[in-house]
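Below: a set of structures, written as structure tokens.
Shared chain: chain A. Partners: chain B in the first complex, chain C in the second.
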Partner chain A sequence: MTESSAVGGAPRRHPTAGFRIFEGQATIVMPDGSFIHVLNEIGSRVWDLLNGQRTESEIVDRICAEFETSREVAEKDVREFLAALEANRMLG
Partner chain B sequence: MNAYQAIIARNWKSATPYSALFELTYICNHACSFCYNCPTGQKELNTQQVFEALRKIADFGVLFLTLSGGEPLCRKDFFEIAREAQRLHFAIRIYTNAFLIDEAMAERLKQEVHPFELEISLHGARPETHEALTRVPGSFQKLVNAVKALRRRDMKVLLKTPITNLNMGEVREIKALAEELDSDLHFDNVITPKDDGDQEPLQLGAGEEFMKRWWSEEFKDVREEKVPLRRDDQEISAVCGTGRSGFALDPYGNIYPCVQWRRRVANILEIPSMREVWRGSSVLKEIRRVAEEIPQTTLKNSEVGDFTSFCAGVAWLQTGDPTKMYPQAELLARYRKRTYVELQARAAAGEVIEGLDQTFEKCGE
Partner chain C sequence: MHSPVRIYRQPILRAAGFRRRARARRGFIPVLAQESEFHPGPDYFSRAIHPRGEHSLGFSLSDLHLAFEGLAEGDRNLLQARYGIFVADRPTEGAGRIRVVQAGVPGFLQSRHQERGVPEIYRLEQVWRGELLTAYAYEFAGCFDFVSHRGQLAIAPSQGDPVHRAVENFLRVVSAHWFLRRGGLLIHASGVVREGRAHLFFGPSSSGKTTVTLLSDGDLILGDDLILLRESDSGFAACAVPFRGLYREPPQTDQAFPLAGLYRLVKDRDDFLVDLSPSLGAAELMGSLPFVMEAGRGGEALETASRIVREMPVRRLHFRKSADFWRLLQSQGEGKG
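Entry: the complex of A and B
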């Protein structure tokens, strides 16, 4: 997770990612073609929210509102998830 | 079964497509002697019509989009179309002969299209073999240069080689060339008739004697299938993904159950959404019924059914009946089975042979 993409800024899905969200589950194909990523329900929702217009904090707000989870847990999960996306070069 | 395989299995069962093949044009800069395309002379879709089709396909939830032809790069608006496809979040694959891909074009593909794979037809390891099929002088060297340009940019390339009586003597060299070009390679054992049923391309087939050798130990080092694989109709009962996991469109906007089985379903410009036609089409209902029936009838009644990679579209083109065993499928299955039985006997005698229990992916999986 980098400063610009995930903390304080408005993280964004990588624009070259191919993806569909079907029955709440996101399937993502990155152009290097090496992996197909399948996200769980909350991960899929976060992915859907990563349009470059919402801050990490606003994404956490939405997750807290839509899923039964405490803010503390949601913050930790979203942060870790964004870090994983960053590590896989799926943000941009 | 991993999460992705679980999605694929679920989509097959519910006949929810995740891939589409779009023939953007029948214009081509090659003149391949066995090309299956049959242009009708109708006007091909213009840019805005292609965009409309792409939006309908995206709205339907399709993830994988293959841009094909003819030669798709022959379209002057190819990059406009590909950019629109990317804006709609498709995972893009391109089928091409690579004739137009130089360094500049490779860079544009990398920067503007971001395909996850390019599939390129390679017909031989030498210029004279490749060009005997493409009938375009210089096309071999252009292909080699194109692949190098793409690989220099870390773009994934799959070379596809239909085995013919012209290139069957150089399959080892073709494999070596693919390795030299740092690209994946797929040999195709089956030559298909033209889309209008013309059987002439079948004369280019490698023939029985070669297929017998191909499936023997002699070519084990060249084959992708080191040990012949078997069918598995337990998890997914349909013979293939026709009208189920994907569909195809021609340059006029006509929708087909797959690229091989050309039963017209509708025209994408004349329907409000793919969803309606996908569930309501009597053609698709019949296609799916036939695809479910084949493993229970044709393949069950055949001695080599367990080893048959069966294409209902080719069966339809070759015999007029999509459920009828056709000679190419039966021949390949016979030699696949023969090798399998030999290996099974060696395993029974104590030799360690890995992969005897593996099954092959169905077409469209």
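Entry: the complex of A and C
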């Protein structure tokens, strides 16, 4: 994660990202239109939580509360997922 | 519940058909190379003012009505022959206006043949300044104001038939944005009408769009390249568009047909259908939209695609090179009126 995308530890979706969540599954398109991303249920839930107000830790809390998983696994997966979003310039 | 949990970013649609370069292959008429490159700035169209002639022609596609002015007689005759029922001597009242002028420059973009070993098929640039779209390629630069519905099309001297290419490629871009702004989509697809309802088959190049039309003997073919999908009083409907390759006949109807099915084509050894989730269906549709995605209009396209897939789920149609796939569609009740 870079400082710009997670100021105060509260990552947020890139403001220019277009997305819709259908039946719990997100379709995301970035402005340059090069790629269309489809996330699974959990990735979609994390994406939905990236409003710039929740910290990464709070997002992990929510995932642990909503899905059957250990905190350790959820932390790792959320961190990797956010890194992937950052690498694809989908946070801002 | 899910256990173990894996946060999974799924770049499902990173197939070649969704890359910018692949999209640029679609929906265009190929052109020969130019030797120099000129990028028209904001003031270019006020300098390019000399018309090619004194003739005009009306063009209508659904609710897009345009009057081309400043055509040479030969231009008008050529466009009449090409666009058939989509053009008229008299433009529709209230039609937008496009002045056709001489470019005043040798050309615009330069073909980058064999750049990095990949031949360029067609390159087109789009620039938005507010509601004004400027689109330019090798032999033309055009602008269109989506508020005043006025525009200009500058055509450079070129080998072959520059008027035909310029008008058609400019119209394709303007149409794609026009219908997107009205809740419709210009889709890279083939369309077949069976028993009064339209089946749309889409996918990247070589996925079988033309093949499907050839396997639909006796049906009304809307097209095998671009189809307009727009909202009607009774839901989404499909229409033919007059844009096509160089030598094919123009469509015989401009009627809209209610949608029977949306199929992402996959060539296979058996015929079968796979239901796609709405998110995947919308993504697949968006991957078949020329011009609008690379112009930063993906968000609007997603909104429209969302409404479409709510009304008509997308299925993946695996098919052999045989008309048997129609039996599959009919067994699903999708080939019946």
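Heads up, the rule we're going with is that the second predicted complex is superposed on the first by the 87 of 92 C-alpha atoms of A that agree within 3 Å, B and C clash if a C-alpha of one lies under 4 Å from a C-alpha of the other, contacts with A are read in each partner's own complex, and residues count from 1 in each chain.
The rule is simple: a contact is a pair of C-beta atoms (placed from the backbone, for glycine too) under 8 Å apart; a residue touches a chain by one contact, two chains touch by 3 or more.
Nothing here was measured: the structure is a model prediction, and the numbers come from that model.
In the superposed model, A:Glu41 lies in contact with chain C only, and not with chain B. Touch criterion met: A:Thr69 reaches chain C, while chain B stays clear of it. Once the two structures are superposed, chain B and chain C can be ranked by residues of chain A touched, with C on top. When the two complexes are overlaid on their common chain A, residue A:Phe22 makes contact with chain B and with chain C alike.
Of the two partner chains placed by superposition, only chain C is touched by A:Val78; chain B is not.
Within chain A, the residues touching chain B in one complex and chain C in the other are 18-20, 22, 25, 27, 29-33, 36, 38. Chain A contributes residues 15-20, 22, 25, 27, 29-33, 36, 38 to its touches with chain B in the complex. The touching residues of chain C, when paired with chain A in their complex, are 1-14, 18-20, 277-280, 282-283, 286-287, 292-303, 306, 309.
Here chain B touches chain A in the complex through residues 2-4, 7, 11, 16, 18, 61-64, 86, 89-92, 114-117, 154, 156, going by the rule given at the top. Contact residues on chain A toward chain C in their complex (touch as defined above): 18-23, 25-27, 29-43, 46, 63, 67-69, 73-74, 77-78, 80-81, 84-85.
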